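Can you read through this structure? Questions will come right after.
For clarity, chains are labelled A, B, C and D in written order, and residue numbers in each chain start from 1.
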């Protein structure tokens, strides 16, 4: 069995999830007639943006609070190829963390509902002087407290 | 014979030219095993950036003077297809204009030296409040005056 | 008034139209916080793919008939900038032609319903030996005949 | 100390290395004025293509032998941001493996020579029926034998 991308502690609230669909574009498909691997970071981003929108912690929400959230790590495991015009479903899974970072997991489903790829990103938090937050900034801590208290699902 | 993209007036100084090379990337090639048409705007940009660098009127040079230069029009005529690993030469040709705009022409040569594509861009000039310059801002006018006087080639 | 991209003859059937929406992605936005001009070819392609799907003359439909349809010309006029998260509407307008080519016009609307960009593409038709069709191949001619007869709208 | 991406066995020949440079393009830079994370897969590919070229095991070389080499895993760790016009150096490091896969590591250096990012890819090998090679196909095995014998450096 595959090792999970993120460790879930017993006391952590369940992850937050969201799904978005997208169609594979002609320009995304390579000479082997499959989606080029580098585009999957964009597929992941669609789900991350959706989660951000749904929970009020999107790029622009955090930016408005003086919090920048650049990607620290991205990882993609490719399982089944995707073809031109495939309508894919991208699931974003936000994992709880007490640290000043955002741990997101992704699952891409092909039109048959099979897993086409999985992966994760880790985002840091910086202030507008590009200094690393060592603990969660207040705005994001409030969000996590609500989440842990079961008020956000 | 093809109509020229820009009209040259008798009193205009000759265009400024520069060439840059680039190799067609795997990710730029589509199912037909040719470079996808949408990437040619990037090829053009390589030549435009080179011209800007060579003549001190690049994006960042103008930005430092409070001049933004967004693209107003882009046009590409595709003549011969480009393949993966093709080393192309992109010629940028800056045409003189008295207006507050930048008129650039492009010629892409394939590895055999044949013309693979031609095209042009027109850039406007805006100040940092995104207001259109109706006449050339001073910094760019000085450049054009030098050019017209034959001091820039 | 702007000159039309394609000349409509009196006896031509009305153009075929279709609209598709799309949200501007983070990766498509540049340092000026506006969508980079090179991505508009992709926006146009979304509408072109939709038209192809709606009328059974998509890339894959034609390919299945041995007809390749590479882009011969692309042209974009930029009118109003687009921002991250903007939900845009892209209208594709297929113009009738008796020639062996596909003339498409595009209008991009911003979230306020204003025109953000317009443009066009011309596609050639090649057989699978990459030879130019000088007259419409039968499959496409049948489509055009139906269109002209008012049976396709 | 960071855990290595690939385990080197005592009897393995030293990795094969190559370096390529590239300038960060305007279109690759986001609203935070840094290169968007998704483009690093393209930076890695430049080094992978170089290694393939230098050692005769490039995408097209293997394809000519009936061997497809899609990406199975890609991983990027971002360390220092990259800016527009930064001339970066991408080092590709091919690690020896007895399995039917290609293990590549990458280090991106910023113009100051500091490490900007690291990462790796794993490629599978498929035949032209898209069936997985469980052991190295002969062409690639010969290359690895030469490498192990110290004849390729």
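As a convention for this text, contacts are C-beta pairs under 8 Å (C-beta built on N, C-alpha and C of every residue); 3 or more make two chains touch, one makes a residue touch a chain.
The structure displayed is predicted, hence computed values, not measured ones.
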Item checked: Intersection of the contact lists for subunit A and subunit B -> C, D
Item checked: Chain separated most widely from subunit C, comparing mean CA positions -> D
Notebook entry, point to check: Can you give the whole-Å distance between the Cα centres of subunit A and subunit D?
Noted result: 25
Next item on the list: Indicate the whole-number Å distance between the mean C-alpha point of subunit A and the mean C-alpha point of subunit C.
Entry: 33
Next item on the list: Return the distance between the CA-based centres of subunit C and subunit D, expressed in whole Å.
Entry: 38
Notebook entry, point to check: Which residue numbers or ranges of subunit D touch two or more of the other chains?
Noted result: 26-27, 38, 42, 45, 84
Check: Can you list the subunit D residues touching subunit B in their complex?
Finding: 25-27, 42, 45-46, 49, 59-60, 84-85
Margin query: Give the list of subunit D residues in touch with subunit C in this complex.
Written below: 26-27, 29-31, 33, 36, 38, 84
Note to self: Under the stated contact criterion, what part of subunit C meets subunit B in this complex?
What the structure shows: 32, 34, 37-42, 45, 68, 70-78, 81
